Structure formats: C-alpha cells, structure tokens
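In the two complexes below, chain A is the common chain; its partner is chain B in one and chain C in the other.
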Partner chain A sequence: MKGSDTLREGRWSTRLLAVYFVLFIIFLYGAMIVMTVLSFNGPEGGVTFPLKGTSFRWWEALYNQDLSGSNADRIRAAGLNSLYLGLVTGAVTGLLALTLSMAFKRRFRLDGVVFFLVLLCLMTPGFLLSLGTSFFWQWMNIRPDLWKTALGTNVVWALPFGFLVMIAVWNRYDDQIEEGARDLGASAVRTFREITLPLVWLGVFGTFLFGFTLSWNEYDRTALFLTGGDVTLPIQIFSLTVVSTIRPDLYALGTGTTGVALLAVGVGVVYALIRLRRRGAGVEAETQVAEELGEVTGTDADRGITAGSDR
Partner chain B sequence: MSQGAEATEQTDTPAGAASAEAPKGSGLELRNLTKVFAGGVIAVEDVNLTVEHGEYVVLLGPSGCGKTTTLRMIGGHEVPTSGDVVLDGESLLALSPDKRPTTTVFQHFALFPHKSVLENVEFGLKMHGVSKEARRQEATETLEMVGLSELADRKPSALSGGQQQRVALARVLVTKPKALLLDEPLGDLDRLLQLRMRVELRNLQRQLGLMFIHVTHNQEESLSMADTIVVMNDAVIQQVGDPLTLATQPANELVATFMGDNNVIRGTIESRDGDRIVVDDGHVKASCIATGDDRGVGDAASLSVRAAGLLLAEDEAGGGAGVNHADCEIVFVEYLGDLIKLHLSAAGERMTAKVPGDLYERLRGSEGSAIRVNWKEEDVQLLAAS
Partner chain C sequence: MSSSSRPPEQPEAPHLDIGELEEAEQALKQELRTTESALGEKTTSKSKSSLATALLAAPGMLWMTFFLIAPVIFIVLVSFWTPKLGGFEEAWTLDNYDRLFNSSTYWNVLKQSVFNSLIVVGATFVIGFPVAYFLSFKVTNLRNQLALFILALAPFWTSALIRAIAWRGPLMGRNGAINEILLQIGIINEPLDILSFSNFSVVLAMIQLYVLFMITPLFFMLAQVDRSSLEASRDLGANWFQSFREVIVPQIMPGVVIGSIFVFVLSMGEFATVRLVGGNTVGSVGTWVRLEWENLLFPQAAASAVILILVMMVGVLVMLRFANLREDL
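Up next is the complex of A and B:
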C-alpha cells in the first residue's frame, strides 16, 4: 500500500519536473526559435508575425550585395573584423592568463591584492570601463583602432575570466610532477615544455575560447573604440538597427551564427565521446590483459591483487 | 661529475647489472642542516647525519617532524637555511635538482600522466641526452627488472597503485642515481601490497647496492626495511640506530613512546647499588643497570619496558621482591593472531603487554579481571633525561 503511494508520488513529481523542463527550454530558446522562423519570412515580410509567405531572400541578402537593401558587404567586413579580433584576443588572453596565473602558484607579497585587482575589470560595469579606458587612450594620444584600442579593451575584459579558468586548472595540478621531472634531469625550461605545458594546454585552450567568445559578442567595451569604417559585428548590427529599419536579414544572421556555434559544439561533443569510448575500450582490454598476465605468471605482487580495481 | 655526464657514460650498461658498479665514495653527509620556513617555523634543526653508499636509511617520525623537508633538501627541492649537504666530498647546495645525482620516488608517484609507461621511464635518459635507441633499450630492460615490460605502452592512469609504484621506481633507477630518495613510497598502497613491496624494495636495494633514504611515519615499515633508522621529532634527530637497538633500547621517552608498545615508568630513583638503580613511580617499581648515568637517589628517572618483555606472572618469575612487576586490571584483550596485545591499567597507568597468541583461549573475555605481570631487568631501559 505504502509502496504504491510512493510510486504514484514519484510519477507525479516526474511529470511536474518534465513540464517545468519544457517551459524552461521554451524560455531559453523561445526568442531564438522566433528569430529562426522569421528569418524565412517572405520578401515582403518584416520582423514580426504574421509571416508573409516564406523565402530564402533574407538569407541571400547576407551574401548578395546586389539585392536591394542588402548589407552583405558591411556584414562580411564586420564579421571578418570580429573573427580576427576574437582570434587575437583569445590568443593574447590565453598567453597572459597562463603566465599571470603561474605567478599565483606560489605566495608572494600582496598576492591577495593583485588577485582582486585582476578581477576588478570583471566587476566594473562595461560601459564605465569603456569610458575610462577611452579617456586613458586619449590621454596617451592613441587614436581608436581595431588593433590598438579595441584589442586592448577586449583583452582587459577577457583576461579575468581566463585567469580564473587557469587558477582552477592549477588547483588541480600536482606540482610534484614537475619536481619529478627536475629530479630526472630536466631543466626548468625543459620541464615547462615537456611536462607543464602538455598538462595544462587544454586549460589554456579554454581561456583562448573564452577570450574569443567574449570578444565575439562584445559591445559595451568596444563601442567607443572604433572608427566608422572599421567595426565589429555586434557594433555593425547595432548601427544597422539604428540607421535603417530592422529587416529579417539580421534574423538570418543571428540564426546563422547560432547554427555555426551549435555545429561547433556538436562536433566537439561527438569527438569527445568517440575519444572517451575508444579510451574506455582500451583500458578495459588492457586491464583484461593485465589480469591474464597476473594469473599466468602469478609472481607479480600486485597484478593479482589490484589489477583493474584501482583508481 | 655531473649526473648528466655520468648517465651518458653508462648508457651501455643494462640497469639490471647496476649492482656490479655501485657508487663509491665517502657517501652522504648532512652537516648542521637547518631549515626555517617563512614565519619562523623551524622545520629542521641542526641535523647531522652520515649515510654510506649501499646503506638503507629510514627517516622515521610523526608528520611535521621535518623528515620530508630533510629529504627535499637532499634532493634540492628545498633550500637549507644553513648547513650543508655533501655527497662524496662535494657540496650539493649550489646544484639545482636536475644537476644533483639524486632522484626521488614521491608518495603519489608523480608519474607524467600524458606519457606512456615507457616514455616515463626513458624521460630521465632523454633529459641527459641519451640517444633514442639506447634509452629505449635501457628503459625496456629496467621495466623488465621491475616486471612491467608488458605494460610499457599504457598510460599511468591505466595502472594499479602497485604498478605505478614500480614505474616510479624504474623511472628513477634507470638514471642510476648515487642516492635514491623515497618519500613515503608505500603510503599510497593497500596493506597487503605494502608488505610485499617492503620485501621487493629491500631486495632491489641490496641487488643494486645503492644508497636509499626512505621517509616514513610507519614504525613497522622502518624496522622491517632499514639498516639504520633515524628517529626525528620536532625538527631534531632523537636517535640513530639499527632496528634492533631502536626496538629494544630507545634512547629517550619520545622514541620509546613513538616506537610503540613500550611501557614508560616515570618516577624517582629509590635506591642505587653500584650501576643498578630502582625507580619507583608510586605504584610500580622497576630496576635496571644504569651504566654511565650519574643520577642518584631522589633524582627523576624514566624507564622503558618493552611490551613483549612483560610476562604473565604465573608463566615465569621476574625480578626480586616488590620490583619489576605490576598488579594490573585487564582493560582490553586485542587478539592479533600470532600474539595478543593486552591493554592493562596499573592503578590508572596504562601498560601494554604482548603475549603469545595461544594464550587466547585463557584470556578471551577476561576484561576487568586482575592480573600480575612481571619482567626481567634486562628488558628495562633507562631513558635519557629530557
């Protein structure tokens, strides 16, 4: 009796959770779904429902400048600017986050203060940071430029995130592995190259991705640092929404970039799954071999005792 | 001579044959070695020690006693505040860890997780500039020596704890160090494996004729493996001796209690007859021969009686009238198979006796009953005044 009550209760809570989950997904992706649907609006359609037929016109407008009202050239130029800026921001952030975080592997005087100083730009409101930095550049007599002012501000913005990622990486890192390498005759530089870097490169790559992503959709901190002709994608999109009527080609752009991002994530996940499965199978097979060896030789102290049962 | 040059010269010699060419020289000397950490914490204080080539030395002590810091100073991972580390007459202090002829086996093994077993083992040779073919051959031979050649292509994460331990050993042995430093090398292994690795490690050391300096907090491990045990506590060496001496003649109360199962009687000297003194703690009197000690009647003195030296009164008579025996209550009977550990209370003072396991039939369930234990004078040791 009691058991079936519990069962019924469990079923109900599962259903409630399922409804909550669906609502949550709609909340998360609703805007994106609307955007995707409207990007296929007919040639006469606008950016709101109802759809006026369907077409690929707005998608075509993304690459065909000859269509009337198309912003293909501007979007392409801004998109390339964003891509390059993102890649360089990612690379610089990765390098700086790695070296900066390495300083924190040991205690030093005022390390706590320095730690919070690094994180300060993460907490400062974006536009204030932008304003302050722009005054600073002006005082330095440096004119706004993609590769000077914009890159600088993007790196300042991304660095605290990358730094935190690397601090987490070092927290899980065993310093004795480096000591082991030094013991075996590796110089400090060799140890860094042969041991440290291969062990943390995934974290460094993570900070690169962080830098790239933050730069890719950065608006607040970049807005004051670009001249009219040399803009990034978010700023181009914003200016298009300001100077002309919004048209579904922006939806197509949004859908397209989201699609590329999802594809990249999907490929990454599948790759990781395949690798994981392959490695798992490998370990299983090897463990079996070890167990057999232990049985056959019977001399090895631990094979028979702990093979396969270990951490 | 740097280790680099040495390793390169020896590349043609299989590691397994290293016993034929055990290092020669005056051995390792720690001279007034002191380490004070930032904040004024004294980790190691004025340590003086000599270790010969081919000797198996165990640094034993509770955690925080300075044994690992001492080991790290020998390996170059910690810089001494003062004092010197001298190997075969040459100071190692100016040398970074990669230039020292010492290598360390770490407690958690510190294997390179991204390299295969073979790559782990040949790493040291690679760093010393040994050619690819030569180092591969040598690493394979060393893996054979530790019985792991079948697993050469595995990553360390796919090995059991014991296998990782062997890889860690192979990895340092292949570089033919003059001194092998082992930091709690058995600490990560389960008990059965620990017992087997003790024997294997000791056999390997004998076979190679190398100087091993092994750090542990495990008394049993030190007794079973060492040629020489160095007991440390509070940054200071308390006693240096062979296992038998440490087990039967602890120098001071600290060593007596740390070595385990020694009964310490703290009292005053009641009488002195030549070298023979009788110490009374108010409940128990014990006598011993105190050659070289000049304390007289009324002076404070502590004695140590080994748990294995305590006999049940009806088995065998011990000392003279009123001396070298204690009337106790049995608190707990701990059956350990071959022997029984009797936890006793002598008027509130805890005592421990180890008696043969075949007495268990008689002692089972005897908690709360009274018993008399006695001991022979030769099992009593006068402890140094502290």
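Up next is the complex of A and C:
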C-alpha cells in the first residue's frame, strides 16, 4: 500500500532515482571510506593518497605510547572520560525522558512549556549553549568540569531525542492495562514496576543509546569550558587536529570512534529485534495487519486501539 | 501543542468503548478540577495527582532550567555587563554593542554566515528531496524502505567533527582524493585550490553534515501523502508536475519548513566545521565568538552571540510563515 505507484512515471525515472540514491550514499560515506582506508597507510605514508604500503602502525599508535609521535596516553585518558560520561549521560537521559514524558502524558498545566523547552534543547546551537554555560559557571565562581557542566549540556542535547522516542512509545501504550492492574489491587508503585516499565523498557533503552552516542560524539556543547586536564575524546581530537601536524593516527582514531558509536547502535538494534521477536510472531503479524487497516481508515484512535492489542 | 490546558473532549473515534468513555470522563473531571482550583477550591484527589505529575516533571524541568535557560539568559546578561581583565563585572553598559555596531568586520562575518546558511538550506533541499522522494514513493517494500532509510541515516551517529576532518584532508585537500581523481581523468592539469580551506569547501561540508536533517522530515511527510488524492488528481488529467505542485507540495510543506529551520539554525550556529574545513581563511559568527572568548573578551563575545541569536530568531519566524505547523501536525 505504501509504495503503490500512482504516478506511473515509468521505470526509467525509478532507475534514475536509484542511481541518484547510490551517488548520494557515496557523497555521504565517501570521506569516511577514504579516511578508513588511509588509516591503514604504511609507516612512511602520510595523510593523503597514494598509499605507501599498508600497516597497522597508525592503529598501534593509538594505544602504544612508545611509538614516536604517539598521543596514546592523552587519547586513552580522553577516551575513558568520554566512555564514562557517555554512559552516565545515557542513564540520566533515560531517566529524565521517562519521567518528563510521563508528566507530559498526564497533560498538566505546564505541558506546553515542557514541549517548548524540549524543542529549545534541540534548536539551541551547541556552541551557544557552551558559551552561556561558561558564563553562568564563571558567575557562580565554580570551575566547570566533566561531571558538573559537560554532563549537564550533553544531557540537554540528548533529552529531546529521548523525549520524542518516549512520546512515540506512550502513543502506542494502552492505559487500560494499568487500570486492570489497579483493579486487581496493585499499588501504583507495583503497577509501574511490573506492568508499565516492562512494556516501555525498550523505549527507555533506546533513549539510553541516544544519550550515549550523542554524548560520545559531542564537541560543540563542551568546547568552551573543558580545557586543560580532563577533556573528552572529541575535544582531544579537535586540539590534535588544530595544534599539531596531522598524521594517519588521527584517521585511525576517527575510524575507531565512529566504530564505537555504530557498534553501540548495532547492539541496540539487535537487542530490540530479540525483544520484539520474543513477543511472538503471531501477535506481531496481527498488529501489522491491524496497523495497516488503521492506516486505511486513517484515524489515530483506530491505531491506538489496535496497537494496544500488541501485548 | 502549546496550549496549556487539555481540550475537554477526546477526538471522535468511530467506535466508542468503555475505556474511551472513561477517558472522556477523566478529561471532564480534570477540567472540573482546573476550574475548581482556579476558583480557589481544593480537592484532595486533585492535589495528590497533581503532586505526582509535578514530581515527574520536576527533574527534567530543573535540568533544562539549569543547563539550558540559565546559560541563554546569561549570554544576554553578560552582553550588557562591563568587561574587566579576564572576566566581567555586573555593571550595566551598552559599550559591547556599540563596539559591534561600529565593526564592519563583524557585519561581514554575519553576512557571510547568513549567506552560507541560506545556500546550505537551499542545497540540502535540492539534494535531499529526490532521496526522500525515492525512499517514500519508489521503494515499494516497507522493509527495504526502512533499511535504505537507516543506511542514509547512519552517518548521523558518527561525530560531525570526524566527518569534517575526513572531508577536509583525504577527500578535499590539495592532494586529496577528488583532486587526484580529476587529475587522473585529465579534467584538470593541476590541483584545484578552491576545494581546500575555502568558503566553497565549508559550504559543501555543511551540506554533507546537515542534509540528513532535511531528508528525515521530508521522508516522513512524503510517506504520509494521501495516495488516493494523488490518484484522483491523475484521473482528473493532471500531469506529473501539476499533481506534484497541487497535491504533494501542500501536504509536505510542514516537513520542508521543519527541515529548513533545522538546517538553518545548525549552519548559523556552526563553529567547528568552519574552523576545521575553512582553516583561518573563512569566518563565521561562531569562529568570531570563539576568538573573542579565547582572548577573554567575554562580554564582547556575549554581545556578538546575542546578535546571532536575534538573526536566527528572525530567520526561524520568517520560515514559520510558510506553514501552519500547529494545525498541520
């Protein structure tokens, strides 16, 4: 139904668009591919083509400080900082997105304000956020650091994504199931723990992953106050790029950090697939059919009701 | 979207059931409570449930107040404060703005930023639309559609910083891949310098970074375009272009506006990409503010940032005029 081609433009336009899509993907990935290839350049090789042989020397320079010109120590320190910061950011984002979306779902007096603030999180350029944060903390006379300010601004960046994920989850959530639990005598806390949380857990987990990956890659939002000792990996990468001569170990580092982010996303996707499969193929098929019917009639109410039969 | 109290009735559903009646009842009760509280009366059940809601909302609201609202307010405050050696003191002044209004360099940088951002918005639309159109209209299988969409979206999960570095060095550099290829084919005789550390390369890099923010809303709006109205326009004898203009465009306008706002704001607030890809030859308001900040000219940096914020707000308001988001979404 989705793809019923009502415009009947003929096959050539489809083919043309397909070719265009491939070119577009090359445009998006081109730089990354070239970077990955060059990170395996030979020991004599530089940061541009042609390759002078291949080696793991530049990858080794990431963890072996003894190689000449290696920044291994700084990279390890910054990498660990980023890892811990990302995990905590993910956890905080998951928690805040869950509670905030639950409040939003209850439609209280300030829900418009909540929505506006969440949009503002998304729209405020990271660079301004770190500028303002540096002023604010300077005024409070507190030295900004990883756990006070960087955690704060990174969560602000991840929160809108988590919030939108949770809103999508709640849209498919059936409130009646909670009423049922309460009618059977469960307390509010018990209902939440045994009924609500298992049902929305996948969304919370997705929010955590958003938090981790966004924090892992974040530069702008921490750029203006994390200087000197305790820095994150992106800040370390930036200073390596600007200050010293670039060598292929920077490409190895770039390829490596990208790998970590994509690995995290991959783990999340696999986990989600396993969870969803466990819910039973039959139910899934039924939901899918119901969903498509919902789309035919096109009413949100329909979709909400049929989606409820998911569980 | 931003109305502060809930409408008393739920949208009409085709078949009502007990749950929905109860929901409507709840809604009415809620309305009653709001009215009661407005009149100064309190019921115990109301204070209990609104306490729970407040407790749920509080952590997130506090966090955003502390790490989003306060910083933005402080940019504005500091811009009116007096510079002092290595910092600022709370004495009101307009000097920071006075200095800016007399600096033609700043206005040139601002003009460049606006110009570049508008180009990036236009280019991301032109480049991104066929991709979104292909994914939503030409890929018939839902599974393929999702897979290809994720393939196009995956770069979002790699650092913008890394992508900028990959873009400037190995690809666009004087000895980069593109120059190599062009030399090999014989189109050019010596490396193109325009590709590296130029405004052109900055714009290209930003297009590559932000095109996904345009494609995503376009894709979701195109996927929702009412296929039967398309068919109807076809049956009424419209050619492809006519049905595109009369049927598709009005329906996807909110997506165009959202994508444009995203790309515009992101490019206006850009700093790292400009610095990395443009080197010292290209300026943006971001690099300007950063330079002032590094020289510890904090109130001056704040004033430059406030002007940037105002310009961005004007841009966003202008774009919002092209669609009624509150009604269309």
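Quick note on the criterion: the second predicted complex is superposed on the first by the 237 of 311 C-alpha atoms of A that agree within 3 Å, B and C clash if a C-alpha of one lies under 4 Å from a C-alpha of the other, contacts with A are read in each partner's own complex, and residues count from 1 in each chain.
Criterion: a contact is a pair of C-beta atoms (placed from the backbone, for glycine too) under 8 Å apart; a residue touches a chain by one contact, two chains touch by 3 or more.
The structure displayed is predicted, hence computed values, not measured ones.
J.: So, A:Leu96: does it touch chain B (first), chain C (second), both, or neither?
T.: second
J.: Per the overlay, which chain contacts more chain A residues, chain B or chain C?
T.: Answer, by number of touched residues of chain A: C.
J.: Does chain B (first) or chain C (second) touch A:Leu262, or do both, or does neither?
T.: second
J.: Contact-wise, after the overlay, does A:Phe136 reach chain B, chain C, both or neither (first, second, both, neither)?
T.: It touches chain C, and chain B stays clear.
J.: Is A:Leu38 touching the first partner chain B, the second partner chain C, both, or neither of them?
T.: In the superposed model, A:Leu38 contacts chain C only, not chain B.
J.: Contacts for A:Ala181 in the overlay, against chain B (first) and chain C (second): which applies, first, second, both or neither?
T.: In the superposition, A:Ala181 contacts chain B only.
J.: Could you tell me if A:Gly112 is touching chain B, chain C, both of them or neither one (first, second, both, neither)?
T.: Once the two structures are laid over each other on A, A:Gly112 reaches chain C alone.
J.: Of the partners chain B and chain C, which touch A:Pro198 in the superposed model: first, second, both, neither?
T.: A:Pro198 sits against chain B, while chain C stays out of touch.
J.: Where on chain A do chain B and chain C both make contact?
T.: Correct list for chain A: 176, 179, 297, 299-302, 305.
J.: Which stretch or stretches of chain B touch chain A in the complex?
T.: 3-4, 7, 75-77, 96-99, 102-104, 106, 108, 110-114, 123-124, 127-128, 147, 150-151, 154, 157-163, 171-172, 175, 189-190, 192-193, 196-197, 200
J.: Which chain C residues qualify as touching chain A in the complex?
T.: 1-6, 10-14, 19-20, 22-23, 30, 34, 49-50, 53-54, 56-57, 59-61, 63-64, 66-75, 77-78, 87-88, 127, 130-131, 133-142, 145, 148, 151-152, 154-155, 157-163, 165-167, 169-171, 173, 175-177, 180, 208, 211, 223, 227, 230-231, 234, 240, 243, 261-262, 265-266, 268-272, 275-276, 286, 289-290, 293, 298, 301-302, 305, 308-309, 312, 316
J.: Which stretch or stretches of chain A touch chain B in the complex?
T.: Per the stated touch rule, the residues are 174, 176-177, 179-188, 190, 194-195, 198-199, 282-283, 286-287, 289-290, 293, 297, 299-303, 305-311.
J.: Under the definition above, what is the set of chain A residues touching chain C in their complex?
T.: 1-9, 14, 17-18, 20-21, 24-25, 27-32, 34-35, 38, 47-50, 95-97, 99-100, 102-104, 106-118, 120-121, 123-129, 131-136, 138-139, 149, 152-153, 155-156, 159, 175-176, 179, 213, 216-217, 219-220, 223-224, 234, 237-238, 241-242, 246, 250-251, 254, 257-258, 261-262, 265, 297, 299-302, 305
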